[in-house]
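In structure tokens below, several structures.
Heads up, the next two complexes both have chain A, just with different partners, chain B and then chain C.
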Partner chain A sequence: MFTYTFQWRQAWQKIPLLLDGALVTLEIALLSMAMGVAFAVILAVARNSKSRWIYAPATVWVEVARNTPALFQIYMAHFGLGSFGIHLSPYIALLAGITFNNAGYLAETFRGALRAIPGTQLRAARSLGMPQTQAFRLVIMPQMFRIAFLPTTNQMVWAILMTSLGVTVGMNTDLAGVTQDINVRSFRTFEIFALAAVIYYLIAKAVTLGARLLARRMFRY
Partner chain B sequence: MKKTALLGGLLAATCLAGTAQADKLDDIMASGTLRCAVVLDFPPMGSRDADNNPIGFDVDYCNDLAAALGVEAEIVETPFPDRIPALVSGRVDVGVASTSDTLERAKTAGFTIPYFAFTNVVLTREDAGVEGFDDLKGKTVGSVGGTYEGIQLEDNIKAWGDGDFRPYQSQADVFLALSQGQIDGTVVTSTVASSIVQSGKYDGLVIKGDAPYLPDYVALIALRQEYGLLNYLDLFINQQVRTGRYQELFDKWVGGEAPDLTVNKAYR
Partner chain C sequence: MIEIKDVYKSFGTLEVLKGINLTVEKGEVVSVIGGSGSGKSTLLTCINGLEPINSGSILVDGVEVHAKTTDLNKLRRKIGIVFQQFNAFPHLTVLENVTLAPRKVLGMSKPEAEAIAEKQLAHVGLGDKLAVYPGRLSGGQQQRMAIARALAMSPEYVLFDEVTSALDPQLVGEVLDTLKLLADDGMTMICVTHEMTFARDVSDRVAFFHKGIMAEIAPSKEFFNAPQHPETQKFLSNIRS
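Moving on to the complex of A and B:
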């Protein structure tokens, strides 16, 4: 039997604190995505390289990022590097962990997108006199981003939700950290967690809808 | 005819009343098991021995309580932040988990009289340059989020407006962060501090004086509305002190004079 009386008024007063936390969450997610996309492009290209010295490290990154828990990656960024004397603050460790994860997943997304672009396009661009890098930048990359755009927004949502793992490395300013702080002070677990869940849901939903609208404007033929 | 109706009515009334009034204390006695939430990374109150069995002051306390109730004890490992969810969701009956009896929390959970009291000390690293509590100002410090000393230390940092506070999820993470140099100090209960320094698990950890906090009285917790159980627990704690069992357990796990559980010039 559930014997608990919900005290929403008490929880409602904490909304400003939670919204401050939500901003930090969004900030980390956006930064981790921006850096993740940059690394992912490099990784995707490196994965297509014929040189073993370029291919191998990129493959290790992608494999570890995709096949180990994000919790492990973030924990390692804080305590793992810490044991070697490299001290990342919880904020940086969380950002680094999620960026690492984003880059790994997005690299595969981008690699798939690259494969979907017919090889004849690059050859056509080259035959028009474009150097290799210019052809890649002006002909291939825009198409790659277009194909990978919606899968990338999935990763953005995932990044937002992953920020909640920061509490394991002592993060106390993001939405999950603020939630946990209020929880342990007041013991109003259910109300606070419910509010936090709603905020997470709204942020994630806003991102998906925003991305869909953006895609409709940007990718109209 | 009249008599049977009356008898039947009485019988029905008794049955109904019986079920309606069964409270948590009844449920525990009927089920034959007392489920205690105990924090098991908080030596010497709760930890695991080499064979992974729960041991510690709180474990023994739960066993004593179960024996008094005439039921079996079941230790449910519960991290600090999960004590209330465990209680409310019915996974445990009682929290024997060194829970500080703050007024804020008492709005949610039911607290007994104190069953233990902690003093807090500053734990730091030899090379961190911290000689006492005041030196923590401006440093990066950490503690287990949501503990009595963790909340106070966080408030200290906010009040100083200088330095950084990191709440970790477990005591083990705090010690790891401290030994790695991620944080320069923590405030922790004296019992935990001396047990971790003695264990030698982490190099270079030293205790540097007391933290100027009021004694941290900790209580057993149960659901707020379970007066039957809470009354029983109050009496049980009183009996533990009265019979000398409290001092006996303190000798076993900590050593020395057990802390006074009464507050001068106040009832309860």
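Moving on to the complex of A and C:
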């Protein structure tokens, strides 16, 4: 039954390649989070809007992002849009798909956070002469980010792990892509995927720890 | 001068203000008393345009608050308001709470705004709490900070909305003392309050609100010594007994 002979040496030699892939993975995760947060703030505000024309599209985005597989969202960005003649490279499609997904989830996190801030905070800011947007930016948003910080960190970890779905649209430069490439050439499947998994784990851990340190610095109240 | 003319205001089907008329002169201190739900707090938020009105008009220095053309952000610079729930900004230190609006709304430089803020905070007895976050302050301290925050904008009018109602009894005094200092400085103030001693000793005139109507307004001594309206008499005797 157990006739598989481990050949770790071959896998070890690929570590530099894997680490290069890890950098791409981290890059996509960070970019998709930065853009996801920006879109999510807009979506969260839009979802509280009384105008149907603002509320409805935002709600569709959030519903689709949260209730369909992330894999489909990335597929749609690559092959789906491709059917209409819009051709996104695997990198852009992956980035777009994960950004779309991040924004959907974060929008709900932020909306919940906004609800947790008493309405009187906005009134107090407005009564000091601040226009609506300024009051939101200076008084509401900082409080929102604090309440939403831990769930946002979770989403970042998700974003990192979701990048591995890029292989399905031909992404071959990120950690999952590189791993798969090496796998089909060497057939050291167990060793190479195990190593890649360890690297994913370490990146995710580092992000969580980094976020915790950042929180300690940022939120002193 | 604040001129309130025949103001009606309702929330949905609930009529909160039913034809309020009141003129407050520069330098005057007017206290507004009455049972809860009588519309006194609503009136304050209508004066600085936080709440719209249904009819009538409110003029502040001749500017119609609820006209579409009025720049409310600009108008609010000269009408400070202090709320029952303090509304300290929890993510900012005491000093930052007070400098925020002068810097971002009035465009003051940081040192300029800090000089004003430190002066105001020292005035309300918080000179040693500049770097502290509001979460570490007592209710009374937070409320005094909120007063300093309103005053840092150098308003010409300050509205006080039951500023002592959310405080522990032993903290009420320190906030009322701050208000008294302000009144002595000649600030124009409208104070919605449940503190009868304050209303009697500090204000020039006292108004009594009952079910959305201003039932009575009189110079404070007259008001307390010889209330005219039966509802005022009932209200005052209930408090005294």
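We adopt the following convention: the second predicted complex is superposed on the first by the 220 of 221 C-alpha atoms of A that agree within 3 Å, B and C clash if a C-alpha of one lies under 4 Å from a C-alpha of the other, contacts with A are read in each partner's own complex, and residues count from 1 in each chain.
Heads up, the rule we're going with is that a residue touches a chain if its C-beta (ideal position, glycine included) is under 8 Å from a C-beta of that chain, and two chains touch if they have at least 3 such contacts.
Model, not experiment: these values are computed from the prediction.
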item	value
Side-by-side fit of chain B and chain C on chain A, or clash	fit
Which superposed partner A:Leu202 touches (first chain B, second chain C, both, neither)	neither
Partner with the higher number of touched chain A residues, chain C or chain B	B
Vertex chain A angle, Cα centres of chain C and chain B, expressed to the nearest 10 degrees	170
Chain B versus chain C as contact partner of A:Pro90, first or second or both or neither	first
Contacts of A:Ser186 with chain B and chain C, given as first, second, both or neither	first
Partner chain in contact with A:Ala38 - chain B first, chain C second, else both or neither	neither
Partner chain(s) touched by A:Thr168 [first = chain B, second = chain C, both, neither]	first
Chain B versus chain C as contact partner of A:Ser127, first or second or both or neither	second
CA minimum distance (chain B, chain C), superposed complexes, angstrom	49
Shared chain A contacts, counted only where both chain B and chain C touch the same residue	none
Contact set on chain A toward chain C in their complex	118, 120-121, 123-131, 134, 138-139, 142-143, 146, 219-221
Contact set on chain B toward chain A in their complex	80-81, 84-85, 88-90, 102, 104-105, 107-109, 142, 145-147, 151, 154, 164-169, 173, 176-177, 180-182, 223, 225
Complex contacts: residues of chain A adjacent to chain B	1-4, 7, 10, 78-79, 82-83, 85, 87, 89-90, 167-172, 177, 180-181, 183-190
Chain C to chain A touching residues, read off their complex	45, 48, 50, 73-74, 76-77, 79-81, 83, 85, 87, 89-92, 100-101, 104-106, 133-135, 146, 149-150, 153
